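Chains: A, B, C, D and E, in written order; residue numbering restarts at 1 for each.
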Amino acid sequence: MIQFSNYDIISNLLYATQWTILLSIAAFIGGTSVALLLTAARLTRNNVVQKCVHFYVELFQGTPLLMQMFLCFFGLSMLGYEISAWGAAILSLTLFTSAFLVEIWRGCIDTLPKGQWEASRCLGLSFLQTLRHIILPQAIRVAVAPTVGFSVQVIKGTALASIIGFVELTKVGTMLNNATFEPFKVFALVALIYFVLCYPLSLYSKYLEKKFHVSR
Amino acid sequence: MSLVNLHQVHKYYGDHHVLKGIDLDINAGEVISIIGKSGSGKSTLLRCINGLEEYQQGGITLDGNEVTTEDIQVRRLALSVGMIFQNFNLFPHMTVGENIMLAPTIVLKKSKAEAADIAKAMLEKVGLAEKFDSYPEKLSGGQQQRVAIARALAMSPKVLLCDEITSALDPELVGEVLKVLEQLAKEGMTLILVTHEMNFARDVGSRVVFMHKGKVWEQGDSKTLLSDPQTDELKQFIGAVL
Amino acid sequence: MSLVNLHQVHKYYGDHHVLKGIDLDINAGEVISIIGKSGSGKSTLLRCINGLEEYQQGGITLDGNEVTTEDIQVRRLALSVGMIFQNFNLFPHMTVGENIMLAPTIVLKKSKAEAADIAKAMLEKVGLAEKFDSYPEKLSGGQQQRVAIARALAMSPKVLLCDEITSALDPELVGEVLKVLEQLAKEGMTLILVTHEMNFARDVGSRVVFMHKGKVWEQGDSKTLLSDPQTDELKQFIGAVL
Amino acid sequence: DVLDDIKERQTIRIAVPQDFPPFGSIGKDLQPQGIDVDMANYIAKEMGVKLKIVPVTSANRIPYLQTKKVDLVISSLGKNPEREKAIDFSTPYAPFFLGVFGDKKVMVDSISDLANKTVGVTRGSVEDLELEKNAPKSVNVRRFEDNNTTLTAYLSGQVSLIATGNLVATEIAKRQPNKAPEAKFMLKDSPCYIGMAEGEVALQTKVNELIQKALASGELNAISMKWLKAPLPKGFGA
Amino acid sequence: MLHFSDLLQYTDVFFSGLMTTVELTLLTTILGIALGTSCAATRQYGHPIGQRTVTVYVELIRNTPFIVQLFFIFFGLPSLGLKLSPWQASMIALTINLGAYSTEIIRAGLNSIPKGQIEAAKVLGMTFRQTLTRIIFTPAFEKIYPALTSQCIIVMLGSAVISQISVEDLTYAANLVQSRNFRAFESYLVTAFLYLGLAIALRFIFNQIGKRLFAYREAR
């Protein structure tokens, strides 16, 4: 019979952590890219486009991430698109991340005083010039903190990929638990590793938020 | 011909009738003080003149051109009308110099060097030459407002619209801003001010326009109007403010 | 014996020495106007008198009792000192009536009916009897401030502290609040006001206290002090404000 | 068809369990090992193609097949009518009995004794369907996503009875002798089959051929000896 | 290609799953907000030790995935002798989770109350407890009500995970149906829309309650 030492447990968990990190980074990059496109689309002030973005946000914020993963994983293949657990996880996390980031960023743009738009208009700046020189530079500064904060949600979201069989930290945790029958130890370690990944990001986000408020 | 002309301008916010047929003629070089109770439509009137708000009836012309809220039209208008706001609306992420140079470079397509020269000259004019590289947040309210004036002047407008530009200032800072306005008036700039500073209106202004319930209720030469109001409403208003 | 007595009061915010040895004696029925530049420590002084801020040296007594910032002490103090703020601080989720009745019922343990009678009487006094059931946000600034006065009066304080209570108001609303204060002064209420309204200070106040750099720089009878200031600093201040 | 695809790809993708010893469970290197894994290796070797192992759970192994994420499921798969509607089966390759196991203190001797008891089971497994069909209505069936979770639920004491395979129960006994579950009664004789997508006749024929060959050559018996420490039952696969 | 009709015979499975999800959501919403409120008040105004404890709790929960918390409570705690039914474990995990997030949200609400309001109460002679309950809570909750609503919905959607420990919620229903008729796409799609409907309904209900709670706003 195989015996797992603490060293085996920890080294296997750390090995799996790589996949959690990789999946998080991929999902975050995917999410921000899509969210950028959607934010740009939303700023066009075209009614139909805005409705579409709104629907997108409602849809992916209003359904469980787990369902989105199931649908991406089993659903897409049933419709004839080949997709791996890794691909389904990235795809669903991208949809999920972008839906939240679009809303977060919209909030950031909306917090800028209306006077900034009006002053620009009175100086003869066009809509795009106002965006480029006045709104975006300020909005980006506001947006960094909540965006970093949301990256924590993305990391935690990757844990659900274990349910569609993607082997990352949580999955290895359940596998090891089954092999060792030491749930208390294994899940405490898993939680600890997530905490070590997420907490610095949370702290950094808070720090940015404070810094921004002070410099206002 | 008059520089600014309003003819029977009506403006609604939804069902709310805010401007009820405004007629007004303003010539180049005049200093107009618009006074009136809160909610009487003073800000709305100013904002219609430079295309920030739509109006539903009547017509406004500026230098003979019709004023609308279309984007292109507003941008063209911005070349001849400057506006200064109660809360300054400086761009916080740019230095004072960059605030002033922005529109001359990207709207008027001037070179950086040229724009910088203009910015320096305008800062000189408002007495803040040494603040070129400061960020707005480091300035007092009075200084920020003077920068805002310099920013508007850098576009060499024909008219300057000022909406209660001293109301957000501590009383001891009001004077420095009014002094700048007085100087501009002396140099012949056309000014349209919404203001509560009655002394300024009387001493510097050429004409006072009293608005009440969305109408121009009474207007006339600033000294005579304020010392000898005709309508009860104006009498009451002057009584309350002075 | 004086109603309020300050003896060599020193106050620091961290290293920042804000009050530098204040001596002040105020008798019942006096109307004291505290004037001075922004940052001179006027608000801080008021807030020390009713225990909202700690002071580090000296002593303050009110009606013979020492003033400290201990909770119980502050609550006892609240029975004899009322305070009105620049931005009203009405409770937005309560009607005007509820705002006024709250403290009499839960602090003085009066019955609802009794508290309602008091509230009505106080609203009558400030001329807002008909607003009993309105919510604060539906009132103009001047009306809100009068409600705040009524709320303070409902606790039948011996002294009323007012910190720039007209500064947040549109000019045409200032008068209605000052009128209420004038009435209170006539009825013999002890008032300590931080104010920029020089006319009011001169005409209604009994004494003016000019603060400068954390000190009582000059004080005296309101009419003589304002028309004949002794120190350069006060002269300059009066010049800037009037 | 799929057989051609496999040849073209030069790789066969086979779904195996990773939480179901001795059929498939992970070693220290996190790689699956067990009867099903050996079986998969055998099939790939015989077909002369490379093997790609795909770990699955009991709940998702059929969707994997249906959505063509794998070519074969060798995952201790039992046969029942519902499944036969969805996929096709080979001939059996390993023996398996399903039963109810549990704590010594719980007195249960037959399926009717389950009334008002709580039984843990892996969702979508044959034992799940057996319980649903035959157990008294008052039984409280707790369904878990995979065998991992079912076993953990038993070992952590969350349920005192589980329905699972005899071999799984033996495996627990080996690992945690103090918590060894006691066999209560048998639910069903349910040997394991290899699953494949519906209508893939060529593939089915080929797989059946290979199983017959292994049976004849004693290869299957060797696998059984290696993992179950016992020869195949007499007449198995006949 | 798609056969939604195959799902019809499982209507009652979906329905009972939906009811479990709704039931758990409502219960944890109430308990979680109560927990969050007391933690927020402790963190904002309480004893330093209390403040520290709340901080640790909030950070631990906010920085680990819900599913790990759930597994820890359901599988890990029994080895300490604390055995919970799947339903109890889920309810506790969800409540603890919502509690942590709502602590942060409610604290932001408490922070948003202008200092002047508290001072006004103080100079009227009110005790701190009176100030908290009568002056601070209502406007603070009003300010953060939308954020709190969103968080409750997020927790409701996150509850999909509890099917992993055999709670028979909506996701469990989807998985069960899927394991019986092998119509994965259809049952997940239907379930996703059921969740969407639930989210919309929840927001609507919250809005209605909000209108009652903050009726004075309507007086404008």
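To be clear about the criterion, contacts are C-beta pairs under 8 Å (C-beta built on N, C-alpha and C of every residue); 3 or more make two chains touch, one makes a residue touch a chain.
Just so we're on the same page, UniProt names per chain: A = Amino acid ABC transporter membrane protein 2 (PAAT family); B, C = Amino acid ABC transporter ATP-binding protein (PAAT family); E = Amino acid ABC transporter membrane protein 1 (PAAT family).
What you see is a predicted model, and the numbers here were worked out from it, not measured in a lab.
Listed by label, the chains that touch chain C and also chain D are E.
Most remote chain with respect to chain A, judged by CA-atom centres, is C. Each chain's centre was taken as the mean of its CA atoms, and the one lying most distant from chain E is B. Superposing chain B on chain C by their CA atoms means rotating through 175 degrees, a value rounded to the nearest 5.
Comparing chain pairs A-D and C-E, the larger number of C-beta contacts belongs to C-E. Chain geometry summary: the mean Cα position of chain D and that of chain E are 39 Å apart. For this pair, chain B with chain C, the centres built from the Cα atoms lie 36 Å apart.
Chain A and chain C have Cα centroids lying 52 Å from one another. As a whole-number value, the distance joining the C-alpha centres of chain B and chain D reads 82 Å. Residue positions of chain B touching 2 or more other chains: there are none. The multi-chain contact residues of chain A, meaning those touching 2 or more other chains, are 74, 78, 163, 174, 177, 183.
Under the contact definition stated at the top, the residues of chain D that touch 2 or more other chains are 63, 66-67, 145, 149, 152, 156.
Every pair of chains meeting the contact definition is listed here: A-B, A-D, A-E, B-C, C-E, D-E.
Residues 59, 62-63, 66-67, 82, 86, 120, 123-124, 128, 142-145, 149, 152-153, 156-158 of chain D touch chain E in their complex.
Residues of chain A that touch chain D in their complex: 1-2, 4, 8, 12, 15-16, 74, 77-78, 82, 84, 163-165, 167, 172, 174-175, 177-179, 181, 183. Contacts from chain B toward chain C in the complex involve residues 37-38, 170-172, 175, 196, 237, 239-241.
Contact residues on chain C toward chain E in their complex (touch as defined above): 50, 52, 71, 74-76, 78-79, 81-83, 85, 87, 89-95, 102-103, 106-107, 135, 137-138, 151-152, 155.
Chain D makes touch with chain A in their complex at residues 18-19, 25-28, 30, 55-57, 60, 63, 66-69, 145, 147-149, 151-152, 155-156, 174-176, 179.
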